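You will see subunit A twice below: alongside subunit B first, and alongside subunit C after that.
Moving on, here comes the complex of A and B:
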């Protein structure tokens, strides 16, 4: 059923002349109206959502190269291969998992450490607050391919960052191969860029939280002799804890699932130093030509899903603990 | 003018430093886009010595970025339209109409939030291949619309619930059917939420790259992010052209953001609270 058919059906259902009907028929008609309204959304979801989810789940228990007519069922082998059994795949995955974990923790912590002071500074000033907020927000709006190329440009061997470091007399920090080609700096550089990209939203949330604090409460506490440290600890901080939890979990989730920056900026290089799980799943699914890796790709996708679900459960627990 | 205290000076200095950090890659993007093929190789200076519009003009017409811009506009526009139509209908039903299974279906949509896109990327392309829409703009728009379901359903249901129920009762007493009430009463009242969702859908769709890359083969259908990637991975990529392409890609989003800033701010805080 297409969207227009559904809406005309809904129109017919709801404009039919009213005549005395039993309560039951009224209720049945209202139910039909409800179904007609949600039909386009549900149809789209059944086809593109449920079908693909079920398909991917089934495929994770099979070996297939995308071309042969049948799947070869292998049970839990794909999961086993990823986690420990395959001598080539398992270490690669472990490396990617470690990189993903490092990035998740570093991005979340880094975001809080920059966004919170930034928001409180911004909250303390009056002039230029709106302008600065807009400027700080730009990295979020433009997150994507274009900005990643701009970063690549400034991080080249002769790019602006290296030249600036040399000009400042910090030449020892410059990377002659470029920051992304140097195994020691590739992952940390990407982490810094991810923090740069996630600070805006975090700052906005902290700013909203800080503005919700009643200044009268802080003043009263100050009159009662509470110093600035105690005011921060007992009044401001408790109100910011739920926001911090949200920021951290958002950072963990986005870093675990997002691999676009890795795909554009390093594609896992140099030599696997920036491999992450999302990128691995992507490569197994789309860049193995004829080898039967689609099952492995699906299994890896589901392992990432389980991790995301665990995070969501922890999230719900932590937020409930707050109340 | 009031004199600033020492604390305020430190605060402004720190904020200024971060403003520079925020703008840093954009500044170089603009700088690169206005340099020619030779000057881009010299590097090191932000302000071009021989600023030229030729690189931008060349990227826009000879490298077909105008066509890719139109493709992006089409895909993003239709996705936003689809999201607004499909999920405002659904959100209205979830908020206002009683039907069996309402809560169940609602939470099903919300649960979608937790499925990582990489998990369904592969089966999605296989399915689209069977349906013969892989590689078309339809094949991008439909999954983009579906991907926005959790956010749009949550926010629109909440927005329709916030409308006083008396309005619904009064309209029903006047003999208006649900579709009429929805269209005439509720949709206009939900305008701020609709704009917010439109903006929150438009920006990631405009920037989308992963599904686009594995779907599109035909160059005439490329959207800007894919065109930019192809330009950058060509045989003789030149950073002045890449930066010009990047600039063409980000400027519309920045304009949209500056125009609708307050919807962004409200929407993001609302989305995260949910």
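Moving on, here comes the complex of A and C:
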């Protein structure tokens, strides 16, 4: 650039400065474009997120059947009825809460007890590890409505499980009424199926955790004379505790909020032996012959949410304690 | 660059707008003068309704589109969401005497009083008022609080009753029983069951969809108890502050009678839904099946020939008040016209046609479901011998007739589901005896009377 050109440019800048209004306009345009991009996501969140949350919270203080023009406000009655006030509803909810609690603990513990040894075994082999990992992951890929129906056929009185038990000379373990119609086996059977569905992810998490452990640490311990049990107890297990906490809490949360398996396989039966809170909420909403029970369903949903929130707090504290 | 971003942003915003507008009317009611839409919750009714619709079109030129939404929770959710989006069809088939009242009370149904009050004599007498808002209903159904007594929210469409036993004639024969002779008493019924389960241990029992727990109470126990106790004592079981409830000596006797079924239930009955139990019977997995008049249609659809089935009402126990039990037909479903229809005249015409002798005949013959329309002497011609044969259980003296539609003696907040679980624990689960069951049922009834 020559001196003349520089002078001319400088003179132009001095004589024709960019007007601040024009700069603002450009910035506003750019902002507008940005807002237009995020608008769909924001609107979707407002409609599907905040709106439904606020709607559901309001509904939990009302009686409504889903189509009447007005809600009848009942204050805290829905919460009170669920917890203690309604002599018909409250005992059912308590029964469902107990079943939910049993399932939450059993599924979480069972998942850890199966997934950890499975991951350890997979970590200890090199041949066929990928193939076996895929096989063990299959239940997670296939779990769903169709698989639950398949399980029902397998568990019927003349289903594959009873046939196999009888063929193996274990007829005393067979259930003549089938595993889902027998009050003694219905809930345990559903728990086993839920564990079957949750082991794959837990196993993968454990496998990732095991592969992250520095082999030199284990080697040093072995050189110091630590056997496999001591190595597992004093080195591997402490390093896997954060993963275990995550697996347990995921199991607790999924079991507390999920109810598809209970709806499809037993619908809470026989005689309420597999009723859980999520299922009760669904039944209150959609199986009451259009009675105004959506408020009760919503209140129950919020009580489950509070329980889930408490779990999340416990989760955060446990994970913080591990750091 | 900025220009491209603007175009992209505009496209995104347009997509959002289109998505929002796409949620609008797609399957709702008719445009004025256009095709009608009708929703039903019964898949088994679709073909028959379509046949009737074809006949209706030939007569009037009006198209009717039939859509089924099953199971019940899906139908419920569909109505709830359609009510919110003002996207209801023109005509609905609803459960009579409850669902229609709630939907009507919610302002979604047209009052058909003016159109059908003069035509109600075409229906079976016990079904005529099934869609009417009465003072008793207004007092017990919250949604009717602002409804006008006398309004007609539905007209009866299908009728029938529960407590019909279906027996597989081949299995009766294989057990050495006469396949043409139904058991006359409860005790004889038990001997039949014993014979069939002895002949075939795994597939000779009784099936019923006990996963829907109230079926045991509604479809067997009530008829059995009514026949044993007679109408007055039966009604006293449900009384307010009664001393003659389920835990009374009379109540316990009826529970003991019911518990006698325990050895004869089909394996796994308590995990079967209603349709699954019917299918199990149709597939030969049980010798007896309990259902309603509507069950015949479903059995036929699943391959069971009606001529291979012996039907009879729940047999009365020896020594009881009623020795020849009859079952009054009640309206099971009704037809309603929605308040949002833009073509009320055509919708009313369609309902009128479906409940006429001609329309009801076409529907009944194709669906094997009994119409609420009284077909009189034409019944056998219009609906066939198998279906007409079921109607023989409807007629008899009033004192011998169990009427499931008679709800006046029950608590206003009566919920049959809550009666089912205690009975299921009595039989087939065997977790409670008659005394414990009677006590639980009395507690449940008291709680219903005490409900707000």
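The rule is simple: the second predicted complex is superposed on the first by the 285 of 323 C-alpha atoms of A that agree within 3 Å, B and C clash if a C-alpha of one lies under 4 Å from a C-alpha of the other, contacts with A are read in each partner's own complex, and residues count from 1 in each chain.
FYI, a contact is a pair of C-beta atoms (placed from the backbone, for glycine too) under 8 Å apart; a residue touches a chain by one contact, two chains touch by 3 or more.
Values in this document were obtained by computation on a predicted structure and should not be read as measured data.
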Exercise. In the superposed arrangement, does A:151 touch subunit B (first), subunit C (second), both or neither?
Worked result: first
For this session: Please indicate which partner A:69 is in contact with in the superposed arrangement: first for subunit B, second for subunit C, both, or neither.
Result: second
For this session: Mind working out whether A:208 is in touch with subunit B, subunit C, both or neither, as first, second, both or neither?
Result: first
Exercise. Where does A:286 make contact in the superposed view: on subunit B (first), on subunit C (second), on both, or on neither?
Worked result: both
Problem set entry | Partner contacting more residues of subunit A (subunit B vs subunit C) | B
Exercise. Counting only touches as set out at the top, which of subunit B and subunit C does A:271 meet: first, second, both, neither?
Worked result: second
Exercise. Looking at the overlay, what does A:33 touch: subunit B (first), subunit C (second), both, or neither?
Worked result: both
Exercise. Is A:82 in contact with subunit B, with subunit C, with both, or with neither (first, second, both, neither)?
Worked result: neither
Seminar exercise, completed: subunit A residues contacting subunit B in one complex and subunit C in the other 30, 32-33, 37, 40, 66, 156, 158, 282, 286
Exercise. In the complex of these two chains, what residues of subunit B are touching subunit A?
Worked result: 8, 11-12, 14-15, 18-19, 21-26, 28-29, 32, 43-44, 46, 85-87, 89-90, 92-94, 97-100, 102, 105, 108-109, 112, 114-124, 126-127, 142-143, 145-146, 149, 153, 175, 177-180, 182, 203, 206-210, 214, 225, 228-229, 232, 239, 242-243, 245-247, 249-250, 253-254, 257-258, 261, 264-265, 268-269, 272
Exercise. Residues of subunit A touching subunit B in their complex?
Worked result: 3, 7, 10-11, 13-15, 18, 27, 30-35, 37-38, 40-42, 44-45, 47-49, 51-53, 55-56, 59, 66, 114, 117-118, 121-122, 124-125, 128, 132, 134-139, 141-147, 149-151, 153-154, 156, 158-160, 163, 196, 201, 204-205, 208, 246, 250, 256-257, 259-260, 263-264, 278, 281-282, 285-286, 294, 297-298, 301-302, 304-305, 308-309, 312
Exercise. Taking the complex as given, what residues does subunit C use to touch subunit A?
Worked result: 2, 5-6, 8-10, 12-13, 15-16, 72-73, 76-77, 79-80, 83-84, 95, 98-99, 102-103, 105-108, 142-143, 202, 210-211, 213, 267-273, 415, 418, 421, 424-425, 428-429, 431, 444, 447-448, 450-451
Seminar exercise, completed: Touching subunit C in the complex, subunit A uses residues 29-30, 32-33, 36-37, 39-40, 43, 63, 65-69, 72, 86-88, 152, 156-158, 176-178, 180-181, 183, 186, 266-267, 269-272, 282, 286-287, 289-292
